[in-house]
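What follows is subunit A paired twice: with subunit B in the first complex and subunit C in the second.
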Partner chain A sequence: MKLTKTLLATTALGLSAASVMADGHMSSDMTLVSWGGAYQASQSAAYSDPYVAMNEGVTVTWDESSAEAVAKLRAMNEAGSITWDVVDVVAADALRLCDEGLALEIDADEQLAPAPDGTSAEDDFGDLLVGDCFIPQIVYSTTFGYRTDLVPEGVDAPDDICDVFDLETYPGMRALEKRPINNVEWALLCDGVAKEDVYDVLSTEEGQEQALAKLDTIRDSVIWWSAGADTPQLLADGEVFMGSTYNGRLFAAIEEQDQPIGMMWDAQVFDLDGWIIPAGLSPEREARALDFVYFATDTQRLADQAKYISYGPARMSSAPLVGQHETLGIDMAPHMPTDPNNAANTFLYNYEFWADYRDDIDAKFQAWLAQ
Partner chain B sequence: MLAADGTPLKASLGRALRRQKIRALALIAPLLLFVLLTFVVPIVSMLFRSVENQIVSGTLPGTVVALESWDAESGNIPSEDVFQNLFFDMFNAAEAKEHTKLGTRLNYENTGLASMFRTSGRSLDDVGEVFQDAIEDVDDQFEDGAFWFAMMNGAGGEDLLRERRERWVDLTGDDMRGDVGFVPSAEIVELLPTTAAAYTDWAIWTVIEDEEVVAEEDPWEAVYAALVVDLENPATGTAIAAYEGEGAQALQAIAAAEMPKADFTAAFADLDEDWVKTDVWTTIEVYSSAYTTGYFLNSVDRELTPDGVDLRPDNERLYIKLFGRTMWMSMIITLSCIILGYPVAWLLANLPMKSANVLMILVLLPFWTSLLVRTSAWKVLLQQQGVINELLVWLGFVDDANRLILMNNSTGTIIAMTHILLPFMILPLYSVMKTINPTYLRAAKSLGATNVTAFRRVYFPQSVPGIGAGSILVFILAIGYYITPEIVGGTDGVFISNRIAYHISRSLNWGLAAALGTILLVLVLALYWVYDQIVGIDNVKLG
Partner chain C sequence: MSITTPNTPRSDLMTFTLPLTALLAAMFGFVGGNMIGHPWYGALIGAVIGAAVAFIVENNLSRRTAVRWGLIGAFAVAGFVFGNLGTAISGAIVGAVLGWAGYWLATGKYRAGVPVYYTAGQTLWHNAFLLICGFIFFFLIAPLFPVMWLSFNAQDFFTFTPEMLNFQAEGYSLKHYRDFLGTDEWMVPLKNSLIIAPIATVISVSLGTLAAVGLSQSHVPGRRAMMAILISPMIVPLIISATGMFFFYAPLGNWLEATLGLSQTFVGFVKVILAHAVLGIPFVIITVTATLVGFDNSLTRAAASMGSAPLPTFFKVQMPLIMPGVISGALFAFITSFDEVVVVLFVGSAQQQTLPWQMFTGLREQISPTILAAATVLVVMSILLLTTVELLRRRSERLRGLSPA
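== the complex of A and B ==
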């Protein structure tokens, strides 16, 4: 027993000594947290594989826990043992983590790479730097796909968000996410509320009721989804005529799996996904995490990710570098949510509004669902 | 009566028995300790969150005390004293980044407070900077950390130091231990109480969290604001004139100069106009106690108001309905399991060994398959374009336009969960039936009983303990299920556990999740008690 302990201790010492020698003051192990699936694969190919190739001796472990990242980070923080180094979260979650003091504050100009032409990181990311802790990676959108073969005869394919609420012209089931966010905005938009007034209206009791009343009109024709993979599956099975999901999921269903699905970009809602670094890491691990993030969010790396998945890079300087899909060989630019042809009518997720109203409207939404 | 060694027999026997008990306890001690540490302690501490509410008084200690004299009924906003306390509390909280946590907590009760706390916390420096600039304009010695230190440091203020340190402990949850290298001088505490408190707060934070030296750093803006607050007290003006300690001249110069007015009510109204609305303060007052029934009330669709407990508005009532549904559907599932499982268990118990074994494997096979796989398989079977509907349409039983809706509703949950929980019914039933002697049935029949009577009067009563055990297992498992309802339940087939999971991992309202979980636990225990009264727990046999 004693011998094993001593042995273990000496090996551990030896290992840490080696890592210190290799990289000065940075730890050699890193746990990255992401969403799994094609998205994580794209991050692995574009960010972590080249990083490991450049930094010999660094090992990267992936954890597919981003969906519960906020709850888990809070639990880790309370237990006093943080096992993650860099965590991929949506911007709304990054804001919450920052609010709770669970994420490290980032000074974009100091800690992130400038664009190749010398533009500072802060200007390069622009408005996408939401909150003090969030390091943006991609712009994705929540938008609708529909079955091209199920469009009724003599009718144009749906190209207006209000077609979702038009059961007469476009009969069939719809798939909507089982949460108020996005759905209530679309409902108000199709109930005569002007785009710029949506959040003013939603902050009133009457406005919230108005949105739910509009959703009530299609209630019996809705299947509510909670995982991003549900809608493509429901579309492929012919269970629904149209449904909302993340644009990358629809791209994969259309281009990689050849499903008869069309994109209806109208009123797509932009959202951001990016990295945060947990607060309270040891200096060695924090240094490694910052080093990785500096590399992984530079202009070229962000453009590289678009080779594998149709999400727009968060840097302005990356857009011109977006090329072709790695295996399909098609141009990726027209499939980006930010492409001018797709972005004629868009929404940007309102972080401040939803941070305040999420719990309130969600309670009403769930009560409405349970009726 | 005496034992062989001469001690009374009773005492000797008692000692022997005690020794035996200790030995038995020692044998189970490792397991007991393990269960205690890994099961009981975490669960109890989690459930404890359902009443815990120290965050309000921990983050805004001064404000909460000052607020006690405010009358919510009056319709007026609290006095300047409350806002002054709020400024210093919030300033510290913002430095420690605790104010946003409080905002999130209060946002559960009053929508909008999250962003109000976040944005206000960001701008408090600016509020204090006005005073700092004014003071430094009069005498630039106040720009110097060493000057401040010389003036504030001394002896006799140990009580204040201890008190302020405890506040930081309550605020941050860290122990804040360590030597600060600074003790407020009793004279200054007497002369400038607000300033001494603010400076001590800053000194503790600077040394223990920022790991700097007090004398080498400039105090933060709140200290300057505190000095102005002190100087506005007319008594302080005369006391300063008589003061002869360190920095006396500089202080007298400040006291003589024109200072911006310390009006924190206006400052907060400037940051966010909601600060001067009574409903915000009502929320803070209602939730200022260290323990709250708020989460429990919320779990039964009620809410805490200044006038006592009130029903939530119609469009927010959810949980009672969900509790009822969870109970009701779990009962249906248990009943379906009995109906489907009983014949299977009977077959298992009565078939010849060889075929019974094959049947047993068929029962156990799904048991060994992942829950997610089984649930997803049901999705393929039940959906409208799924196997069952296709088959029915092909056979002509169902019209193509009116396919059955078998999932994304309660039907889906009942079908899938009955299937998943069936083995938990069959196995106890089987083990009980196996012990029923077949000669009893034969004896009954030989005495003239029909098949039905023999089953009803002889066989069935003996199998009841198996039904009891199976029902308890299935019901209790069903009540806590959430993956299957989430996948196939749609909107009217989800359980209370789905909301618990949502509050744990999505909304992060752990207090509410804990309250819902506690209620569920109590419900299960209550049902267990009822069951014991009716059937008797001794009648349950697991094998």
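== the complex of A and C ==
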């Protein structure tokens, strides 16, 4: 008796929750997937908080699963139960998901907001609209930070990518990402290969050997990282002298945490991060996701995000609107990877090359690591 | 003096107390010297100091309290002179240990715990055994202390800052506890964990106890096979169970949502709770089966002979007697669910984010000491929970006239 009553009560509860959910043509629950940390906090403050304030009754849940977004979306698709509505991924993952039909194709001019001056979204995002499903959000870079207090006396602070490979002038440990991307490019640059030839050389067997041989020269002084938070932690501990990571993480460690760390922008590698909408959502959920993305990637919202974290907005029309840090009150423009002073020498990540060669070079790199 | 055990000769200074105290002090000296890069000089200086301590102790056997406090004070002052507040505290600890060890050796107290007929070798083994036990406890517990200490860090990194090591107030902060207790980022997962774990525990305890009672009857056919299947979630690698559960619960959830019109959030909780209940059942079965071994079946027959129906017999006679097994099974089931991260990552969606999930992603993506604050709160909560259960158990045993075990 009691059991039946409880069962009935819980069912009724579930039903009433369901009826609240269905308001017209858009669902009111939305699960956004991102990377956690300061980055997700900036998205929450700049995009989802104002969106919820404007659309009463909408609830947003964050899931910090972007690191395994591709695998999880595949599994969800196979199980026929997609619980995510909008997913933040790097451009390379977006391309893979799009190729596999797991992400919704987006018509930028139709489904994204035009710039305030009327420029179409397609022109406003420009080259950054890579792939048919990817909605660009930020430009970030992978670059180096170093401990200012561990620079040897009488030596200038490192300002050249090749200082990473110069153990004599700058002794100490380095933190590098535990994957070939970026590392092999930097190695070739410092082994006398011209910037425009890097990917040509890398596509040959000898070129790959050359890159690994260069990395071999510092191998005993490298700690390999796999999460973006590792390098700031290692730098704060003084365990490494310099290390690569995402520029926003270094900004947070330097400006928000007052760590004795300096930025070395030379040969920073640009990459893109943005949204995709999973394919196969119910029409109500898809409508809500598109509505959110339209709002969250307009000119003002992208500029707002730069108040919280030092990643460059993906729209050209957002750049002039970038202001000051929300709590520190410092100008954000000089901390952007795209700032002219920082972007004196940048390296462009080649999506097509890595799409073709990633598995091969990955295997070689891991074998080299295991030697 | 009463301290000396009457039937043992007083320890000899030159062949016993002095070398051992010097050796202990040399070890401290080695560690201390290591910090400034000269471990062997440190060991040498330590040995000399240890010998001096042994000499002082030997000549002041009756002034134990005064000498020990004097040693603590002297070492603390020495630590402060050569370093800072941190080394002063280390110095005080070294002084306390050396003073204690000196008197322990010199007064023959090291034989206090062994029978008088023990040889020197047996006494040595007895004390070595105690030392080993102490080390085991130390290595089990010690890793928790840096976690607790670092959770009061004023910085956002897992780093002992110089301010922390010098015990300066500005090196410490409660901000990570504020982050833990004051933000939805942590409070929502905590709430989810506190919803999922108790319900999953109730389900596993009810089903697990029933299964154990049934499987303990000798006339049940195929009980070994059934037992093996029920225990399997504990043996199969968790990642495999989790993958299987993901594909099993996804259509179930879709059906619940589509046919019964239940909300996605509600269905998500149902899925995670059921999955965790499955993980908890083996623990309940094992603990309850273990207590059922000692259960006297003539008691149920006696109850039946007096006209009691099976159900009242179970609740009034059998249940109270197997209660310890049920409770420890429930504790294991609760902790299994409360600690679980793999299955919930697969089966749950973001609305069911539990505390271990949040700690897992937090550790991977941001390495913030808020995780340490959360861990500290959880450790304190677990200790309180276990203490309460143990006290209640003793109380009920006292009330029922059973002597505490």
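Annotations for the structure displayed:
Please note the rule applied: the second predicted complex is superposed on the first by the 347 of 371 C-alpha atoms of A that agree within 3 Å, B and C clash if a C-alpha of one lies under 4 Å from a C-alpha of the other, contacts with A are read in each partner's own complex, and residues count from 1 in each chain.
The rule is simple: a contact is a pair of C-beta atoms (placed from the backbone, for glycine too) under 8 Å apart; a residue touches a chain by one contact, two chains touch by 3 or more.
Quick caveat, the model's predicted, so the values are computed rather than measured.
Judged by the touch definition given at the top, the superposed model places A:29 against subunit C, while subunit B stays out of reach.
With both structures placed on the common chain, the touch criterion links A:337 to neither subunit B nor subunit C. Contacts of A:223 after superposition on the shared chain: subunit B is touched, whereas subunit C is not. Legend: residue contacts after superposition of the two complexes on their common chain; A:237 is shown touching both subunit B and subunit C.
Applying the stated contact rule after C-alpha superposition, one finds that A:257 touches subunit C and leaves subunit B untouched.
By the touch criterion stated above, A:64 is placed in contact with subunit C alone, subunit B being left untouched. Residue contacts after overlaying the shared chain place A:207 against neither subunit B nor subunit C. In the superposition on chain A, contact is made by A:368 with subunit B only, not with subunit C.
Shared contact residues on subunit A (touching subunit B in one structure, subunit C in the other): 67, 237.
The part of subunit A that touches subunit C in the complex is made up of residues 11, 13-15, 17-18, 20-21, 29, 31, 33, 35-38, 61-65, 67, 75-76, 78-81, 83-84, 227-230, 232-233, 236-237, 256-257, 259. Here subunit B touches subunit A in the complex through residues 97-98, 100-101, 103-104, 107-108, 111-115, 118, 315-318, 321-322, 383-386, 408, 486, 490-492, 499, 504-509, going by the rule given at the top.
On subunit A, the positions that touch subunit B within their shared complex are 67-68, 70-71, 74, 96, 98-101, 173, 178, 209, 212, 223-224, 226, 237-239, 352, 355-360, 362-364, 366-370.
Contact residues of subunit C toward subunit A in the complex are 155-159, 246-247, 250-251, 253-254, 260-268, 346, 349-351, 353, 361-362, 364-368.
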